[in-house]
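Sharing a structure below in structure tokens format, with a few things to ask.
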Amino acid sequence: MQKSVSIKDLSLSFGAVNVLENLNLDIGEGEFLVLLGSSGCGKSTLLNCIAGLLEPTGGQIFIKDRNVTWEEPKDRGIGMVFQSYALYPQMTVEKNLSFGLQVARMPRAEIDKRVARASEILQIGPLLKRKPSELSGGQRQRVAIGRALVRDVDVFLFDEPLSNLDAKLRSELRVEIKRLHQSLKNTMIYVTHDQIEALTLADRIAIMKSGVIQQLADPNTIYNAPKNMFVAGFIGSPSMNFLRGEIVEKGGKPVFSTNGVDFPLDGYAAGEALPAGRKVVLGVRPEHVKVDEDGAGAKAHQASVDIEEPMGADNLLWLEHAGHTLAVRVAGNRRFAPGTAVSLSFDMGLASLFDAGTEERI
Amino acid sequence: MKIRSMAAALAVTVALPFAAAHAADLEVTHWWTSGGEAAAVAELAKAFDATGNKWVDGAIAGAGGTARPIMISRITGGDPMGATQFNHGRQAEELVESGLMRDLTDVATRENWKDIIKPASLLDSCTIDGKIYCAPVNIHSWQWLWLSNGAFEKAGVAVPKNWDEFVAAAPALEKAGIVPLAVGGQPWQAAGAFDVLMVAIAGKDTFYKVFKDRDAEVAGGPDIAKVFKAADDARRMSKGTNVQDWNQATNMVITGKAGGQIMGDWAQGEFALAGQVAGKDYTCLPGLGVNDIISTSGDAFYFPLLKDEEKSKAQEVLASTLIAPATQVAFNLKKGSLPVRGDVDLAAANDCMKKGLEILAKGNVIEAPDQMLSADSQKQKEDLFSEFFANPSMTPEDAQKRFAGIIASAE
Amino acid sequence: MTGQAHTGRPSRLLRNLSSKIASIPMMLTAVVIFLGGTIWTVVYSFTNSRLLPRAKFVGLDQYERLWDAPRWIVSIQNLAIYGFFTLVFSLVVGFLLAALMDQKIRFENTFRTIFLYPFALSFIVTGLVWQWILNPEFGVQSVVRALGWTSFTFDPLYNADIVIYGVLIAGLWQGTGLVMCLLLAGLRGIDEDIWKAARVDGIPMWKTYLFIVIPMMRPVFITTLVIIASGIVKVYDLVVAQTSGGPGIASEVPAKYVYDYMFQAQNLGQGFAASTMMLVTVAIIIIPWAYLEFGGRKRG
Amino acid sequence: MAETVSLKPGAALAATAGPPSEPWGRKPRRTLSRRNIMLYGTLLVAALYYLLPLYVMVVTSLKGMPEIRLGNIFSPPVEVTFEPWAKAWATACTGLNCDGLSRGFWNSVRITVPSTLISILVASVNGYALANWKFKGADLFFTILIIGAFIPYQVMIYPIVIVLREMGIYGTLTGLVIVHTIFGMPILTLLFRNYFSSLPEELFKAARIDGAGFWQIYFRIMLPMSLPIFVVAMILQITGIWNDFLFGVVFTRPEYYPMTVQLNNIVNSVQGVKEYNVNMAATLLTGAVPLIVYFVSGRLFVRGIAAGAVKG
């Protein structure tokens, strides 16, 4: 894969606070990469470094194999879309789109051509003469995307572009961005704290925490084989169930034991040895817990329904089991009254096992 | 206007080959803005304009304290005026020492100032290192007590003939609702009044010992204690004056709201402007009627060093115009001060001026504190006396102690 | 003092060049005028310069004399009284007016204009007008006496004990309008939801102001404080116009001492020593605050 | 604590607001409730205090001198005369010049217009650089500048005289404009810096991505968004410079003396009795320009202050 953006040993500190530490990241040509993390994790800072809006303390940034670490933003071949749209309030939509081109002293005809093309792609043609204040949030964000589009750049940077929109618009625009990526095939780097956006849009997701990339992988891997407990807990809603316990030996096989209840680890592909006595954490996503009406499963895994949250397509149950509260997702048509006794089992092939000390996946 | 200086420079280069026209505009700064003063300045301007030059008036109101810093800033800032008023004495000393002022010795020798200017001390204070730097225009004497005849009539007492009678008459005035002694709030008035009391009560020798020899022992001694006692009386009598400017205080005397005022002869201009006649409407007592001595300080014009040759010539013209007999008479009549030359005819002078001229002729003159003390010490004195006159709880003894301290540290 | 970190980049001097060029007037002003002028003043305060600055050093003589001068002591006391009451009253009255104006009143524009217009007038004008109103002969005192209360006495400008409060009345008249304006703007910036929450919780209005709103307005109060405080230290014209420092020396202030001794007494050294003392006082108060407020903070 | 005592009117107001369930704060009101009487009563009393001096000035300026001496200062004129106004404007004397304030008016205009424009331009660029293009050491300069706001002007006169002399512009209009720019800089820079900081930073970033440089962003993005703060700065500078006396008299020559110098001359050139009516008329005439500016644009002033001047 041809590298589009490459980041080497990037560090950034504000005074004594290190925001980014020796960060390395390669992004392929035409790839859609999402930087995901909670606020303050450094994802926006990283994006601003790539854009050239922040100067790194150390390390280099390459775009198309060119070292752009000290280049002006305009010379990097990037376009950027901001959370607050950042449209120039005093200019019409058309002026907003053409401002950057005018600054670059592009011939009028070429500017018009590009604005026309962008407004066609984004279907904002009728809005061209309006001021930003006369637009709805969704329209504004389209214009903001258009502003990046007209510049005909290699790399698109999105800084939480959908966060200011309501849920409906957000999902609409999400699809549109995906479509845009599919048709333009540009490299896109997208910062968000919203895991749905990350999972739906990304070719690869980089999950960040405290300035360090925790895991960089495709959405499927992130979801199903999280590299550590942070990633596992961050992705998925409701969060993965974590059960603290230890490995015991039962019949020559390692078995996960917690609060006196055992779960055989049949089907779990452990990457390393599981000696008895090792403290571990078992992670199971709510949809990977199987629930049966009382009596159908093993008696050892009896649980009772504490709360039921019907969500339409799904039904979310909160169970009490061996001192743990477990979230379980079942099909929407399976209803359980609170207090119902159930038995449960885990789909070990899809579960994750973490070392209790390092919190890394085993 | 903005291109004015450029145009002037151009004019000089063009005019130089011909060098015929002497006429120049000369800006003259001063702080003479009260009615009598302005009328007097107009005489100077008229005389100067008559020479073909032009007097550009740069009056700055608010007395010397406001005006002087502006004048000094302009001279040191490299934007000097053509001529400027200073009280002669030590105010311009440093400007002269820094070479910023023009040496007038040539004009003075040519016109024989040494012989015509009387008393000679006036020219002395213009002289630094044997060179003359200013043209004195008048003699001002501080030692006058101005009395409102009307006020005393109203109070039913005779117009006093000296300070002691005046103090004695004070209760009667107060009873009639008249402030016995008007002392304006400006600090220099209180300080000046004290100096006047000192000459009158302690005499010339003590006065010189204090101010010229800076003898702190005398300043703290019994003679001066008597002066402070008198100042204490004056303070009591001045209660209720409630005006700031000296001429407002003079106005209280003119209108009979106050019995009297210790003020220099410039107060005369205000009486004249109000149409009052000496002897009839008001009475003047030189030396407070105690000691017929007057001090001879006064105003003088200094001439900053200018690059412009035309203007330098005009400066010479102005200097000699100021000393010319006709100007002296016209100016001093309006100003109420005495001329700086003994050879002019002041037939038009009124009673009070004549009294002054007599004393001057007798040679009963002293130098003014201005000429003997630095502005710094004068200012400290002003602070002391303005506090003393405004603060009844300050005892004469305390004030004298501080006064002696100022004299001891004076340079 | 660190803004964004810059280490390790090439040609540091040339980075952000336009910004540096554009800031040259500011840098020159800060360094040449304010810093240079201050250092110059401090240096010459150790000389016996008279009419013109002369580098003849006399050690601490000027300072000894300064602190021996009764007038300087009075000036300092007056500044302390004037400063304290100006701060307290302009903040309290300003806030009170702002809070009243914030009650969705009618004629808000009219009231605001009335409270603010004195700010458009100079201290000279302010001083003159109040000198006149407070003049016992035809001002407030005479009017009240004419109404029949003949023993009424109100002559602050002619009573050395209270003259500084007469100056204060005029100063407050001129300055509270601006304070009100600043604080009103601050009040308008408070989230409506705060009021709703306080109301739902049943907190009385004055408590809401005192314990919730005022603490939230910290930045506004700081800006206001800077503006008021810088005005207090510099107070000069008002005193000159209203009382000329009188009666006697009862309403003298430090800035006037500086001016009088520099120019009237022609003792620059003494004036410089006095101004250095003023600067030291200001610096003790301001530098820690300025450092916290502007130096330590960075943009996120 | 003095504050609690002085806050009493406000507290009393709260007490009259009735039970907590009754709307207060930002809610609509009944027209004649006790609360409203207190509210408007307090405001009216305050308004009287603020209006009194203006009233006295206007009334006095319309009276003849005899009436002033007899009557009290608060009584309206028995016989209205515009004589004092005419005298103040055209014939009042300083020294030999008897042309009143008229001479100074145009000088004041010539000083105020360029000084206001240049000082605002410089300060706004400073504020913009400080807010958006911070460089190492910028804050240090800014801190010095802010401390400079506390230095009494008198202290700086001498050094500035020297600097202007060395630059050869002492006594010129240029020199005075520079002096006003310098002394306007601390507060104006603070205002502009705070304002520009309060603008969304993303706008600035977007413009940089669009390739705009320092000046392009300033002129094409920031300026058009900054009307409110420019109005505030204009008002502050116009009033400040118009009302200035000290610099006008120290740093210029008589032909450029502003109106305030003439005012001082008229007020302090006492010829006989103080002509209070002329003084008041002169005062009002001198204050007219800043007063009009306030009356006309007071609303914008408050909005501008609210728009960012008070943040940070």
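So that you can tell them apart, the chains are marked A, B, C and D in the order they are listed, and the count of residues begins at 1 in each.
Keep in mind that, in the parts below, contacts are C-beta pairs under 8 Å (C-beta built on N, C-alpha and C of every residue); 3 or more make two chains touch, one makes a residue touch a chain.
Protein names from UniProt, one per chain: C = Sugar ABC transporter permease.
A quick note: this is a predicted structure, and the numbers were derived from the prediction, not measured.
Going chain by chain, each one touching the next, work out the least steps from chain A to chain B.
So the least number of steps between the two chains is 2.
Could you tell me which chain lies farthest from chain C when each chain's centre is the average position of its Cα atoms?
Farthest from chain C by mean C-alpha position: A.
Tell me which of B-D and A-D has more C-beta pairs in contact.
Counting C-beta pairs in contact, B-D comes out ahead.
Between chain B and chain D, what is the separation of their C-alpha centroids in Å?
Using C-alpha averages as centres, the distance is 39 Å.
Distance from the CA centroid of chain A to that of chain D, rounded to the nearest Å?
Result: the chain centres lie 54 Å from each other.
If you average the CA atoms of chain C and of chain D, how many Å lie between those two points?
One centre to the other, that is 14 Å.
How many angstrom lie between the centres of chain B and chain C, each centre taken as the mean Cα position?
For chain B versus chain C, the centre distance works out to 38 Å.
Would you mind listing the residues of chain D that make contact with two or more other chains?
157, 213, 264, 267, in rising order.
Residues of chain A that touch two or more other chains: which are they?
none
Any chance you could list the residues of chain C touching two or more other chains?
Residues 2, 4, 6, 15, 259, 262 of chain C touch two or more partner chains.
Note which residues of chain C are touching chain B in the complex, please.
Residue list for chain C touching chain B: 50-52, 65, 69-71, 135-137, 158, 160, 244-250, 259-267, 270.
Considering only the defined contacts, which chain B positions touch chain C in the complex?
Listed in rising order, the residues of chain B that touch chain C are 64-65, 68-69, 72, 76, 91, 93-95, 98, 185-187, 242, 244, 374-376, 378-380, 383, 386-391, 402, 409.
Residues of chain D touching chain B in their complex?
93-97, 157, 161-162, 164-165, 168, 170-173, 249-251, 253-256, 261, 264-274
Please give the residue numbers of chain B that touch chain D in the complex, ascending.
Where chain B meets chain D, its residues are 1-2, 4-5, 27, 29-30, 32-35, 38, 41-42, 45, 55-63, 66, 69-70, 73-74, 76-79, 81, 245, 247-248, 251, 270, 273-274.
Spell out the residues on chain A that touch chain D in their complex, using ranges where they run on.
48, 51-53, 72-74, 78-80, 82-90, 99-100, 103-104, 144, 147-148, 151, 159
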